[in-house]
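In the two complexes below, chain A is the common chain; its partner is chain B in one and chain C in the other.
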Partner chain A sequence: MAVYRNLSIRQKQVVWAWGFLALPIVFYCVIRFYPTLNAIILSFQSWNLLGPREWVGFDNYVKLWHDPVFWKAFRNTFVYLILGTPISLVLSFLIAYQLDKTRLLHGTLRALYFLPFLTSTVAMAWVWRWFYQPVPIGLFNNFLASMGFAQVDFLNSTTNALPSILLPAIWAGLGFQIIIFMAGLRAIPTSYYEAARIDGVSSWTIMSEITLPLLKPTIVFLVVFSSIGFLRIFDQVFNMTTNNPGGPLDSTKPLVLMIYQTAFSSFDMGYAAAQTVVLFGILLVVSLVQLRVLKEKP
Partner chain B sequence: MSEVKASANSLMQARVAKGPRDPWAVLRWTLLAMGAIVMVMPIIYMLSASIKYPFEMYDLNIIPKEPTFENYTYVLSDGRFLRWFGNSFLIATLTTISAVFFDALVGYALCKFQFRGRTFVFIAILSTLMIPTEMLVIPWYLMSKTFGWLDSYWGIMFPGVMTAFGTFLMKQFFETVPDDFLEAARIDGLNEFQIWWSVALPLVTPALSALAIFVFLGNWTAFLWPLIVTNSQDLYTLPVGLTTFSVEQAVEWELIMTGAALATIPTLIVFLLFQRYIIRGVAMAGLKG
Partner chain C sequence: MATVSLRNLTKAYGKTRVLHGLNLEIGDGEFVVFVGPSGCGKSTTLRMIAGLEEVSGGEISIGGQVVNHLEPKDRDIAMVFQNYAIYPHMTVRKNIGFGLRRAKMPKADKEKRIEEVGAMLSMTEYLDRKPAQLSGGQRQRVAIGRAMVRDPAVFLFDEPLSNLDAQLRSQMRLEIKKLHQRVNTTIIFVTHDQVEAMTMADRIVIMKDGHIQQVGTPAEVFHKPANIFVAQFIGAPSMNLLEGRAKGQGVEVAGRKIARATGVAEGAAVTVGIRPDDLLVTEEAGSFEGRITVLEPLGSETLAYVDIGGQEVVARADGRNPPALGAVVQLSVAPENLHLFGADGKAIR
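Entry: the complex of A and B
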């Protein structure tokens, strides 16, 4: 105590700073950095949870390269991304842009658009799964039938199942993106628009010269954020295909589901760890490429 | 910084239209209203199905001819849902308290204290944002196995008791707290912890509540990790329980919808009560991300 009292104010602050940080530093080392390292190490080993961990070099990665299921999952993951991100961003921008201009029941409309964001993914996956059932159960097919249209096979078809699972994922994320876009739109000073109007600039020019460029930080954030979300899709797929996870015929299986099955159904821990390292690499590369491309544009 | 707050706050008022009257206003409003109805339709149909008897379950009408609460009594009768509900509530609450406390503590230390290694610690914590949870679940599972954390509340909670996102968010918001306030408190003889707790924290309450909303919601709906770490039904969280329950019911969709409704109604009520704060909080946290 006497030692502490003799310290200068600056030195006391240093003591307090490390006092504040002590427990968190332990946490980040033990719960974040050590497991990351462990996952990387494990990806070079073979282990079924019971026997000893054996070094196998790059075997897991080689096996992955020759695994058709992996390439299927890889392709699916990117289909979720390539369809999901643009569709949800364009939709949410259009809605936010128009909603920003309306006054009648503004708050209510905004709340309705935002509501799905607060629902539990698992609960909603089952709701949509019900909608997608064939006649006489599923809502969509009953509706089509009542209009005299042919039935659509949503979840049991290898071509329709992935978009059918993607739709609720887009739906659930839209509200968040709309709110962020609206906040971004509000941050643009109205004087810019007034000046443009006085100059008689067309509304298309206002959009491309004022709104979109000034909205760029928001767009960059949402592109990266929603891409990471789609690349990590799991809850919806798992719950909408529980009888045959990732099916039919692996046509909806994303990487995270493959990782889950490899680790916790087949207990092939090393192989699963290698898949997580690949997922990490994909997330890193996609984010960096997006940041590079979006930030460079004039 | 204050711009973010201002623009998040400005969401609360509709922008007053200036200039000439917009001829497209009626069409725009109609389309937006239709879109909004489509957005909430799945939730409406879920609620509607949960109060229907099987005989009209698959009709397209929203308001049942004979509404019933029998589905709810049935689903709640074996007590499992209440148990899962309690588990989720307890876990989400404790995790939120812990994350908000520690993230604010770390954010403050990294923002207001001068010491060697500050930037390094900040970058190190921030870099963990790049690591996906999926990469960590296998090592976490092994760790839980070793320490006997499988099938326990602590096992479900431990990965989330601090968040890098929250730390970053709080650091940003503490930048807005003037150093003079802290200096004045120092002269008054408060120690650094007291200054943080009673001077700095009250000045960033909007940020604290924004973070709390995010952490709570994230934990309330978390699925992958609770699915992995729990084994016995007594420790399931609501999403994991709902999956198990729905798989059991298989074809009794009105019961599955009732379960889904039970998992959704609490967040709907909270949202309706605190709508303005939640939307502002989400905008604020999102804009800082």
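Entry: the complex of A and C
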């Protein structure tokens, strides 16, 4: 105790700060950093979960390079990203922009948009899966048929399946993005808009030269956040294609699902770890590039 | 340049009426200051003139044209906001030029106009900076520049100096006044600071609870306040108010009789107002006698808080030879400097 009492105020603060930080640091080391390092090591080994781990050098990476399924999954993952992020951002911005101006039932509407975000992905995926079924079960096809149109193979077609899975994924994340956009919009002082009204500039100019530039920090956050979300897409795909995960013909399979199958269906842990390391690299590069591109000082 | 007139102007939010029929004529090139405590309706009035708030009743005309249903952009006005409303992501040049977006003139002319305004506000060397790199006073100038660049008929200022520190505020006050003398455009300026109103205005409009209390030149509202509210609001320190009664050909206050005809019924309650500047601490017998409770030395003079028969008044004493704390002193006031108010608060002339 005497030792503590003789410390300066600054030193006491440091002692307390590290005291409080200790728990999260331990947590991070055990739950985050150790498995990450272990996965990187494992990617240079061969292991079936039960037997001994054997060093195999770059074999796993070489195998990955020559694996057509990996390249298919790689391509799919980027399709989810390249379609999902811009569509969800544009949609959520438009909704937030209009909702911000709406006074009537404002709270109710906002709650309705936010609701999917609170719902379990599994439940949602299964409901959408039901929507997509052929006549006489599926909602969409029943509707099309009653209007006299031909049925659409939503989940059974190699071209339609991926967009059909992407749609509910976008819809599920919309509520969160709308809330964030609305917070960003609220933070812009109303006098900026009043000044623009007095200057008489068009609403397009107000949008493109005042609203969007001032929303840049919000947009940067959402682009990065949503990109990471789409790059890690798994549960929607897995639950909507359970009888043939990632199918038909791997046309919907993202990297995470491939990793899951390699690890827990084929028990090829080393190969799965190599895929994980590649995904980690992709996430890191995409996030850093986005931050660099979008965060340039105005 | 244009005249502005308000006729029976009212404003209500639902059932709450905030402006109760304002009538005011503002002359071409006049500098009018709206002043009053917060919530008196001065900013609302300004925003209605700007077109940012709907008119609930009555009429606003600018340059002889009724503008009640015109968009802000069609009213030929420019406004400077309390928080400046300059865009943080644009340079000073772009901010000033923003007001010219809609103007149909060649790009080169616009550039020239921006340069001119920049020079007029001595901001030429800052034209390519962002607002974050400017001081508070410079940002204020950018906001004024953006209003000036369009050369509007009327300038509206909504408490533009309240975010500045005291020194900068008095400096900007002077600059705005000089600017007005140079461009000679009609200016309507809203503030809660009576010093700003007194120093800048051609005419002051004093408002309270959605009513105009008095309209007049700074000298008029200071020397001939229409009622107790105006008397107390204008001038610092505030006017002393003493409760008295009409008696004979004068008023009896704190047991002393003060000479000045009131014209009200014998025995009626009369409030006597005396500006601290007019109430002097003297050696010889004065109008009142009391004990000094607090002294505030201000250098050239000393303010003495004197207790006279249970009422505290502020009086002026010499700065070099101030009276002692706790001393019993005489206070004198010239009869022509007395302000008398009736029971309804209105001035008795």
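Assume the second predicted complex is superposed on the first by the 274 of 298 C-alpha atoms of A that agree within 3 Å, B and C clash if a C-alpha of one lies under 4 Å from a C-alpha of the other, contacts with A are read in each partner's own complex, and residues count from 1 in each chain.
Just so we're on the same page, a contact is a pair of C-beta atoms (placed from the backbone, for glycine too) under 8 Å apart; a residue touches a chain by one contact, two chains touch by 3 or more.
Keep in mind that what you see is a predicted model, and the values were worked out from it rather than measured.
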Of chain B and chain C, the partner touching more residues of chain A is B
Task: With the two complexes superposed on chain A, say which partner A:210 touches: chain B (first), chain C (second), both, or neither.
output: second
By the touch definition at the top of the document, which applies to A:24: first (chain B), second (chain C), both, or neither? first
With the two complexes superposed on chain A, say which partner A:69 touches: chain B (first), chain C (second), both, or neither. neither
Is A:294 touching anything from chain B or chain C once the two structures are fitted on A? First, second, both or neither. neither
Discussion item. Just to be sure I read the superposition right, which of the two partners does A:219 touch: chain B = first, chain C = second, or both, or neither?
Written reply: neither
*asked:* Quick check on the superposed pair: does A:79 touch chain B, chain C, both, or neither? Answer first, second, both or neither.
replied: neither
| Is A:195 touching the first partner chain B, the second partner chain C, both, or neither of them? | second
Chain B and chain C footprints on chain A meet at residues 194, 197
Listed in rising order, the residues of chain C that touch chain A in the complex are 50-52, 71-74, 77-79, 81-83, 85, 87-90, 98-99, 101-102, 130, 146, 150
Contacts from chain A onto chain C in the complex sit at residues 189, 191-192, 194-201, 205, 209-210, 213-214, 216, 298
In the complex, chain A touches chain B at residues 9-10, 12-14, 16-18, 20-21, 23-25, 27-28, 31-36, 38-39, 42, 95, 98-107, 109-124, 126-128, 130-131, 133, 136-137, 139, 142-143, 146, 168, 171, 174-176, 179-180, 182-184, 186-187, 190, 194, 197, 218, 221, 225, 228, 232, 234-235, 238-239, 242, 256, 259-260, 263-264, 269, 272-273, 276-277, 279-280, 283-284, 287
Interface with chain A, chain B side, in the complex: residues 3-4, 7-8, 10-11, 14-19, 22, 25, 28-29, 31-33, 35-37, 39-40, 42-43, 45-46, 49, 58-60, 102, 105-106, 108-110, 113-116, 118, 121, 124-125, 128, 130-143, 158-159, 161-162, 164, 167, 186, 191-193, 196, 217, 220-221, 223-224, 228, 238-240, 242-243, 246-247, 251, 253, 256-257, 259-261, 263-264, 267-268, 271, 275, 278-279, 282-283, 286-287, 289
